[in-house]
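Each chain gets a letter, A, B, C, D and E, in the order it is written, and its residues are counted from 1.
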Amino acid sequence: MREFFESYIVPYFNFWVYVILMMIGMFAMITKNNLIKKLIGMSIFQTAIILFYVSLGVKDGATIPIYFHEHKEESHAEGTSEDAHHKEEESSHESVGPGILTDAERKQAHLEAGDHTPHGEAAGHAVNPDEFTNPLPHVLMLTAIVVGVATLGVALAVCQLIYREFGTLEESEILTQIKQSNHG
Amino acid sequence: METSVHSWIPLWACLASLLAVIPIVVLRKEPFLREGATFVAGAVKLVLVLSMLPLVLGKKTAIECTLFQITDQLSISFRVDGLGLLFALVASSLWIVTSLYSIGYMRGLNEHSQTRFFAFFAVSLSATLGVAFSANLLTLYLFYEMLSLSTYPLVTHHQDKEARTGGRTYLCYLLGTSIAFALPALIFCYAKTGGSLQFAPEGFLAGHVGHVAALCLLLLLTFGFSKAGLMPFHSWLPAAMVAPTPVSALLHAVAVVKVGVFCILRVFTGVFGLEFLKELDIASVISWVAAFTVVVSSLIAMSQDNLKRRLAFSTIGQLSYIVLGVSLLSYHAVAGSMMHIAMHAFGKITLFFCAGAIFVATGKKYISQLNGLGKKMPFTMGAFAIGAMSVTGLPPTGGLWSKFYLIWGAAEAGQIVLMCVYLVSSVLNGVYFFPIVYRAFFKPLPEGEMPGLKEAPTACVIPLTVTAVGSVLLFFVPGLLLDLANLMFVSTPPVTP
Amino acid sequence: MIWQFDIIILIFLVITAVISLRVRDLLSASMIFGVYSFLICLLWAEMGAVDVAFTEAAVGAGVSAVFLIATVFNTNRRSSD
Amino acid sequence: MADQSPVIVVVAPLFAALLAGLIGMREKRACLPLTLLGLVVSLSAAIVLFRRVLAEGEVRYFLGGWDKPLGIGIELRIDTVNGLVLIVIAIVSLISAIFSFRPHGQRDTEKNMHFYILFLLLCAGLFGITATADAFNLYVLVEVSSLTSYALVAMGSLRRGTVAAFNYIIMGTIGASFYLLGVGYLYMQTGALNMEGIRVVVNQPDVLASKAVLVAFVFILTGVWIKTAFFPLHGWLPNAYAYAPTTSSTLLAPLMTKVFVYVMIRIMLSVFGLVWVFEHLSWSHIVVWLSVIAILAGSIIALTQTELKKMLGFLIIAEVGYMVGGAWLADEGLWGFKGAIYHIVSDAFMTSCLFIAAGIFYRRHDCHDIASLDGAFKRMPLTMTGLLVGGLAMIGVPPTCGFFSKWYLIRGGIDSGHWGYVVALIISSLVNAVLFFRIFEIAFFGKKPVEHADHGDSHGHGEEHAPAPAEPTGQAPMPTALVALMLSAGFILLIGIFNGQIMEWISLTVDPLNPFTKTPPL
Amino acid sequence: MGMRILGFIAVFVTGALLTYGVADFPKWGDPHSPANAGEVSTYFIQNTKADTHVPNIVTAVLADYRGYDTMFETVVIFIAGVAIMAILRVLATIPPGHQPVQYDPRKKIAYDPIISVTCRLIVPVIQLFALYVVAHGHHSPGGGFQGGVILGASFILIAITSNLRSALRRFSEKRFIFIACAGALIYSGFGLTTLLFGRNFLDYGVLSKIMFDTDEVMARSHSMLGVEIGVMLTVTAIMFAIYANLSSRGALRGGL
């Protein structure tokens, strides 16, 4: 039992919660009678997916995907000294590793481009990718959040329209009214 | 017929009537000019078809042209050979006659929407010629469907309840069978042969399909082209008799039904090839279906009192003659069935013209009302007698020759029972036609009826006289037709048992 | 990232989600949905997705809730389920 | 500018929409010319692009110039398949724009500016969906097109349209979210968002059996199927299209479902690869049987409808069944697959033609019932001709394009031995025949056919005295509407006649990827 | 009831699928999972600085590497605004039977001067903060989008605390449509300009030719700021437009 717990539940806890949230949201979207409730369900559904994406990009021991400024370097090293050690170890064999870019080239380009302000280690050493969380899911999810609010807005507008036409937001009552108008 | 030349004449022959639609519609306010356009188009068409005769008959070359290349093997293209030319000749020559007749008929009855009538008439003629000249199964199917659709407004011309049900039956049968049976068969052939649907004397399917597949395809194609009126897909034909008589005459004695049997002829000769079918030994299924249709339709025809319906059932029987003939696979039977297309066309169109003329003159539709008409309408009823003789197969009419060939072919194939079917049904033909002639000439006119009765308008009488004369002429000069039919056998030696 | 914190927020997330869907007063539902958004925004900040968290704070907890409330005011506050 | 043509196709309508927003506030009449201008620019760019594709092969375009390594930036990739679809979208939307000369059926008649902005952005979204080679970018553009289409549906003046729009939003969001989730799973397993990048990783032996990739595929497919209205997931479509404003439905109906079928095909082709889909997965039988159900259900429900647009809606569902089934036939020569792509093209024009005709009738009659068409042949011969051409194409009468798409699809069915599919296709053609001839009959005869007791004595009326049905209440059709109708009818015939050429183009892309031929897929 | 069963089935199937997939997931927080160690994200982390000179990787990816996505994201927001206006806005000509109910919310909700005055004081601060968020998006979390939402929220706050009319006086309908279009046009205009210089769409590097004393890398950085400002304008305008329409049932009168 404990083993199951440790191998299935704990390492995937975020994923399990996202599954639960998604099911809650979807269930509400399908079964709720009130249209606003459906929309709340829809938003929960969408945030569940965003939660999934963001959880993807998490790295143990990594920090937010913003390069440190020079003046912040110290405080950072103080705060997470363990991280710094880790980083140093990694970066030493990372620079000779099979990176997709040739670091020398990049640096050269950088210098030629006239960058005279070396910020932190970015200018000096190649950045160790394990140091920052994966930025790509964040970018994608910014878009997804925007899409979510846009959809919510449009749906709310349609809700108001439905209320204007039918005087109610309960799906069952709306369907009854439609049926009546079809017969009458 | 191995050689071929390229020429656009078939296309123009086909387009002649289609293009005539434009002047017909434009001149809709001027009835005389409008009908003049029809005539001009008919004449042009006939001349174009005739102009191909020397090349095809004399030099024994086929005429080809390709409209669109669809894939490297598949195209919409025309190829004029003996059979196609024979059919085109019949259809285009009878169109002119029918046009004259329809003018008389439509004016005589003061029908509505005459422009639409003439326009769609022209379109259906184009489709008919398209079928006749098709070089492959796809082109054939294309024009076949075009014909079904373009005749619908003609069949339902009266736009009343009866026309509506008739038209519905008509389309249900024709479109239904072609989509449900012919189209899948077509694609199946296409898949089997690897992309070719070109008619070939030895059959393009030969060697590509096995026994069972061939039988399925044969059945699908034969019933798919249900314009041939083979039972059990025949009931559209009586239903289509709600149409004005010229339509019944041209379309349901010549164009539509003959397109049906023409397609079946093509299926036998071009798709499978007679040799291949003989090898597979599957054609007898069709023979028996056709024989059944011949006998049953003759029996039904006897019980019909409505003149046009009787003619319709007679047509069903005669069409099955042709199908039966080709399914016998023997040389004379096949040649006979090709000739029968023409012979029956002339005979049956005369009969329909007569029925229409009677209706225009007297308003009578039923056989029991025809007593004594022969004295008042000698031309009409005389022509009727000749037509009846031709369809029955009595001299001196052309019908004799085709029946003679068919019966000979049956004997040649060793099918004595089927030969008897021909003979018996010929007798039945006589039984259901001659009482009408007898009634018209020898029974007295009912007392006090129609004192001012006289012949139908001249425009009606001339065409029926012409076609009756034509039937008789074909008795004396059947050579042309026979030559054209023979062309189909030049490359492959006649199949003998 | 502190996983204990993480798990607490996740559990609260589920609870708020369920409550916001169960409450029959739509205005309360909208407010609780705002709380839900705020929690999830905390979660993201804690997972290192600061930009996403910022956006969610502005959009989900802020503007979305306002839109919902605006609509609830203009329609019906009661829900049958 | 030929180098930049891929992006011009997408952004031209976008610029036009933004300009319409800027100018339209002051000068409402500027919106339509701007719409036409934007679409014409797109169309010409699409044609230039397609010629380039034919000349050079696949065209790749890297936005922002980020071309290496693969997937850093967003890539547009145009081959003959989506080049063709781009042209089709451009033409159909142009036709629809011509038709929308005076928008009709909206609640508020003063909203031309909003309408045209949404119209253009929908086009931009569809162009983008078609052109992109990035799985996430596809999602964003799906949302662009979805949001606009929700609004276009909700603008309708009918009361039920609002409810339809709401259902559309719910279903559409579920569909898009499922797609997004699937892309997330793929990203988790492959670390790539570029379609080619994903395909390379997915087809590696160690990822091949991954459960997560399978789940990703199921989610993406379900999401796309919801958007295409594949049968059990079709609930949103008929009402949404039937109660949308006339002018909106002429754009939505031909394009939305078709573009999403294209998305499915693109996913099979580029994201997972046909090897993965047909050989690793081997689900084609299940999907084809599902499509058989879709075809039959769509056709049979269509039979029971009394409203023209709703009936057409159910026919679209059947047509979607054709395409999905065809794409999954997995026959040796991929005829079904290519036929499905060809059917995207032909169905777009068929639906466009039919919906434009239905729109003209609606404008004229203020009523959707089929029964109101009585005697329409007499009153509106041109419109009926358009409907006739569209109907014949739906039935599959040669030489319309509907015939040839059935031809290729049935051939695929025969080759792969899916007889159920072939039979379903034929049954649906027959049902279409019944449906359309019912309409033609009503239009030809009139509701109450004139009784001729006996022809012998009642041949009273000449050509001029034909029975005139009661004049309908609505407005006469605009000449531009007729032009649009004739254009789409013309294209139905053109595409039918040149089907060989189109199939050749499609084969250029599909054949090299065929997993069943000996040459190893790229 | 049928809907409930359907819902259960759908949710159950989805849940089963999700559970099935979880087994293959990489461990949570694993830095070497395919997504985290993938070529693409590694590239972003390692090269953003050199390529764009922007410390916030998310901003760089958002506005440059995946700028095309973000352009359409802006368009999505723009669409949402236009769509809501298309759906809800009641213009001069209203067909009979569609008259919105006239009501005055003031009668129901008490008007509180304290809140009103406090907010009036807060609003400038909020707006200043919004501008800071946009301007500082390169270095810290934030950017055009977040800033735009906050700026929009400040107008919404005015509308809530005093009334819609006074908010609309500052930000009328014509104005917000214009600004929304202009914002999106600024973004796509950057793309168009790069096209005119013969480079690919949104390839900002080439803009160094028209920017004073910049190299390609700095041109990217500056262009990103420009683009973010465009995003901000659109988002501000649309957020307020959505609120204004939703709160007044499309009449742009009355409000909450």
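Just so it is clear, a contact is a pair of C-beta atoms (placed from the backbone, for glycine too) under 8 Å apart; a residue touches a chain by one contact, two chains touch by 3 or more.
Small disclaimer: the values here were computed from a predicted structure and weren't measured.
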{"item": "Third chains touching both subunit D and subunit B", "value": "none"}
{"item": "Centroid comparison with subunit B (C-alpha atoms), farthest chain", "value": "C"}
{"item": "Between C-E and A-C, the pair with more C-beta contacts", "value": "A-C"}
{"item": "For subunit C paired with subunit E, centre-to-centre distance based on mean C-alpha positions, whole Å", "value": "19"}
{"item": "Distance between chain centroids, defined by C-alpha means - subunit A, subunit D (Å)", "value": "33"}
{"item": "Computed distance of Cα centres, subunit E from subunit A, in Å", "value": "16"}
{"item": "Centroid spacing, where centroids are CA-atom means, of subunit B and subunit C in whole angstrom", "value": "78"}
{"item": "Junction residues of subunit D, two or more chains touched", "value": "69, 136, 140, 143, 147, 150-151, 154, 187-188, 193"}
{"item": "Where subunit C touches two or more other chains, by residue", "value": "1, 50-51, 55, 59, 63, 67, 70-71, 74"}
{"item": "Chain pairs in mutual contact under the definition given at the outset", "value": "A-C, A-D, A-E, B-D, C-E, D-E"}
{"item": "Subunit A residues touching subunit E - in the complex, by the definition given at the top", "value": "11-16, 19, 22-23, 26-27, 30-31, 55-62, 64-69, 99-101, 106-107, 109-110, 113-115, 119, 122-123, 126-127, 129-132, 134-139, 142-143, 146-147, 149-151, 153-154, 156-158, 160-161, 164"}
{"item": "Subunit D-facing residues of subunit E, complex", "value": "17-18, 20-21, 23-26, 33-41, 43-44, 64-69, 72-73, 75-76, 78-80, 82-87, 89-95, 98, 174, 177-178, 180-182, 184-185, 188, 191-192, 195, 199-205"}
{"item": "Residue ranges of subunit E touching subunit A (in the complex, touch as defined)", "value": "3-4, 6-8, 10-11, 14-15, 18-19, 22, 25, 27-31, 33, 35-37, 39-50, 53, 55-58, 61-62, 66, 69-70, 73, 76-77, 79-81, 83-84, 87-88, 98, 100, 139-141, 145, 215-218, 242, 245-246, 249-250"}
{"item": "Touch list for subunit D against partner subunit A, complex", "value": "69, 136, 140, 143, 147, 150-151, 154, 159-160, 162-163, 165-166, 169-170, 173-174, 176-177, 180-181, 184, 187-188, 193"}
{"item": "Subunit C to subunit E touching residues, read off their complex", "value": "1, 50-51, 53-55, 58-59, 62-63, 66-67, 70-71, 73-74"}
